[in-house]
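What follows is a pair of complexes built around chain A, which joins chain B in one and chain C in the other.
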Partner chain A sequence: MLMRASWWKIIGVLLLLYTFSWGFFVPVPHIGNLYETIRNLFFHVPMWFTQLTLISISLYYAIKFLRNPQPQYDLYSNAFAQVGILFGMLGLVTGAIWANYTWGSPWNNDPKQLGAAIALLIYLAYFVLRNSMTDLDKRSRVAAVYNIFAYFIYVPMIMILPRLTESLHPGGKGVEGNPGLNGADLDPAMRLVFWPAVIGWILLGVWISTLVIRYKNLEEQKINA
Partner chain B sequence: MFTNHDAELATINSVNTKNPFIALFKKDLLLEIRQQYTLYGILLYIASTIFVLNLAMGSPDDKVWNGLFWIIQLFICVNAVAKSFLQESRGRMLYFYTIAGAPHFILAKLLFNAVLMMAMSIISMLLFALLLGNPLVHIGSFLLLVCLGGISLSLVFTFLAAIAARAQQNAALMAIMGFPLIIPQVLLLMKISNIAFGAVQSGLWSLMGLLLLLDLLVVVLAWILFPFLWKD
Partner chain C sequence: MKKAVLFLLGCLIQITMFAQDQVNAEPVPTGMNANGKIWVVMAVCITILAGLLFFMVRVDRKLSKLEK
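Coming up: the complex of A and B.
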């Protein structure tokens, strides 16, 4: 079973070790007022990649549950959403610290910050909805429906929001952002750390989710025993 | 005396004969006309909210007027739409389900709530102009946008009302679930409505198109997901 296989966990740990070591040593270009804070790119940005990956997996299991109502799928969907929210919060915190030093204040009503905050609200509402029902079968079904509905509104939203409000992020509307930090023309030396970091964090996120799932399974076994 | 119950029976029976979608829509409409207390309840809600705003703000400037208007629409929508699934009893739901099918049922509800919310939005726009001053330069285009906005809000909240009713929850849960999801529509509406205040707006039609696309998306999602919600 892929979930229990260890090779991808080892890869994830190695990639993160590489991120945490070479990420601090790699020579970085000095752009604007970023100075050395540019290294936060290896930690802040992958949080979003991980969050989106995890909530997409959560969506996948929600759809799977509706097609074939197995309680296991609902458990997966819930666990991936929970860990996704954790990474969303980490993304907000790392972003707020970075913004405090480069943009002047932790919160700037930047469309990407808004998108992140909205995702938090959506998934917190998802947990409230789940916990408001006691009938397990109904709870799983209603939660899956909300999960799918919210996801397919959220994804267009993060594409629309940047068109409506001005952004400080690179490639945003209004301000030039920080040239050289665009995904397309990222410094080659940094790119060699950035993409491994993204993969490493995603693998870590999936690993944590599988641990949550295994923990919940054990919990259930104990209750049923 | 023609009671509510008779009216329902008459319309419910017609579900069999005519197009179920039209029949279900007519049933909702008839119920609303006969059980007038809910309609008056929403109207009173609109009137008293805007009256309180009048006392609190007097006549605010354009930006505040616009912001207040759409936020009030949001709350009106939650209140107007919340009851739409709670009034149906379990047995009757099953009956509709067997004779009309879930897709017809949700589409009829969406249409009915869109019409209801459109009317409420127009009324609240008139009250806003009356009580909070009228900063609108292009009243016609704002009216069109108000109709469109009422429809957009009602579509999202109708589906959330279905979810909340299934979870046996009240309007509070609807607000929790709905407010983060409605943000793109509300932001788009506020942005587009600037044009009615005389501001020059570039890319107006692409913003309008975006709003319509979002509405379409919500209808399609509701149409696909609703059957799963009501299956027992």
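Coming up: the complex of A and C.
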């Protein structure tokens, strides 16, 4: 079973060790007032990649549950959403720290910050909704439907809307941010750390989710026993 | 000759004043801004580590409770 296999966890750990070592040594370009904080690209940005991956997996199981209502799918969907929100919150907090020293204040009402905050609140409502229902069958179905709704609000909130307005983040309209960090323009030396970092963080996120799934499974067994 | 020497001296004074202005304009970064703001990266890393560890400890506790 892939969940209990260790090879992908080892890959994840190796990639993260690489990120945390070479990420601090790799020569970085000098852009604006970023200085060394440009290295946050290896830590802050993968939080969002991981979150997006985890909630996408959560969406996949939500749809799977609606097509074939097995309690196992609902449990997966819930666990992945939970860990996804954890990574989203870490992304928001680390973003605020970074912003404090480069944009001058932790909260700048930047469209991406606002979008991410709203999107996180929408996902928090998912857990409120879940836990407010006692009927297990109804809870799973309503949660799955809400999950799909939340996902398709979330993606425009952090990926489309910030690109349509001016943003401090790279990639906004009339970029005031740091275009050097935009995908294709990213410094080649940094790209060699960035993408392994993204994969490493995603694997860690999936690993943590599988631990949550395993403990929730145990919980179920105990209740049923 | 005298005028030329005075002129050169004047130039030198200008240069020194300019150099001082530069020093005043850019204060030496301190605290979190020191060393090219590398401590900001450290703060970000510690935040992520703390967040993940906090979550892991909670899962671990719940698991221990289940195992009892």
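The rule we apply is simple: the second predicted complex is superposed on the first by the 215 of 225 C-alpha atoms of A that agree within 3 Å, B and C clash if a C-alpha of one lies under 4 Å from a C-alpha of the other, contacts with A are read in each partner's own complex, and residues count from 1 in each chain.
As a convention for this text, a contact is a pair of C-beta atoms (placed from the backbone, for glycine too) under 8 Å apart; a residue touches a chain by one contact, two chains touch by 3 or more.
On a predicted model such as this, the values are computed, not experimentally measured, just so you know.
By the touch criterion defined above, A:Ile31 reaches neither chain B nor chain C.
With both structures placed on the common chain, the touch criterion links A:Leu192 to neither chain B nor chain C.
In the superposed model, A:Val128 lies in contact with chain B only, and not with chain C. When the shared chain is aligned, no partner comes close enough to touch A:Val155: not chain B, not chain C.
When the two complexes are overlaid on their common chain A, residue A:Thr94 makes contact with chain C while staying clear of chain B.
In the superposition on chain A, contact is made by A:Leu218 with chain C only, not with chain B.
By the touch criterion stated above, chain B contacts chain A in their complex at residues 156, 159, 163, 166-169, 173, 176-177, 179-181, 183-184, 187-188, 191, 210, 213-214, 217-218, 221-222, 225, 228-229, 231.
The part of chain C that touches chain A in the complex is made up of residues 32-33, 35-38, 40-41, 43-45, 47-48, 51-52, 55-56, 59, 62-63, 66.
Interface residues of chain A facing chain B in the complex, by the touch rule stated above, are 66, 114, 118, 121-122, 125, 128-129, 132-133, 138, 141-142, 144-146, 148-150, 152-154, 156-157, 160-161, 164-165.
Per the touch definition, chain A reaches chain C in the complex via residues 20, 24, 34-37, 39-40, 43-44, 47, 83, 86, 89-90, 93-94, 97-98, 100-102, 204, 208, 211-212, 215, 218-219, 222.
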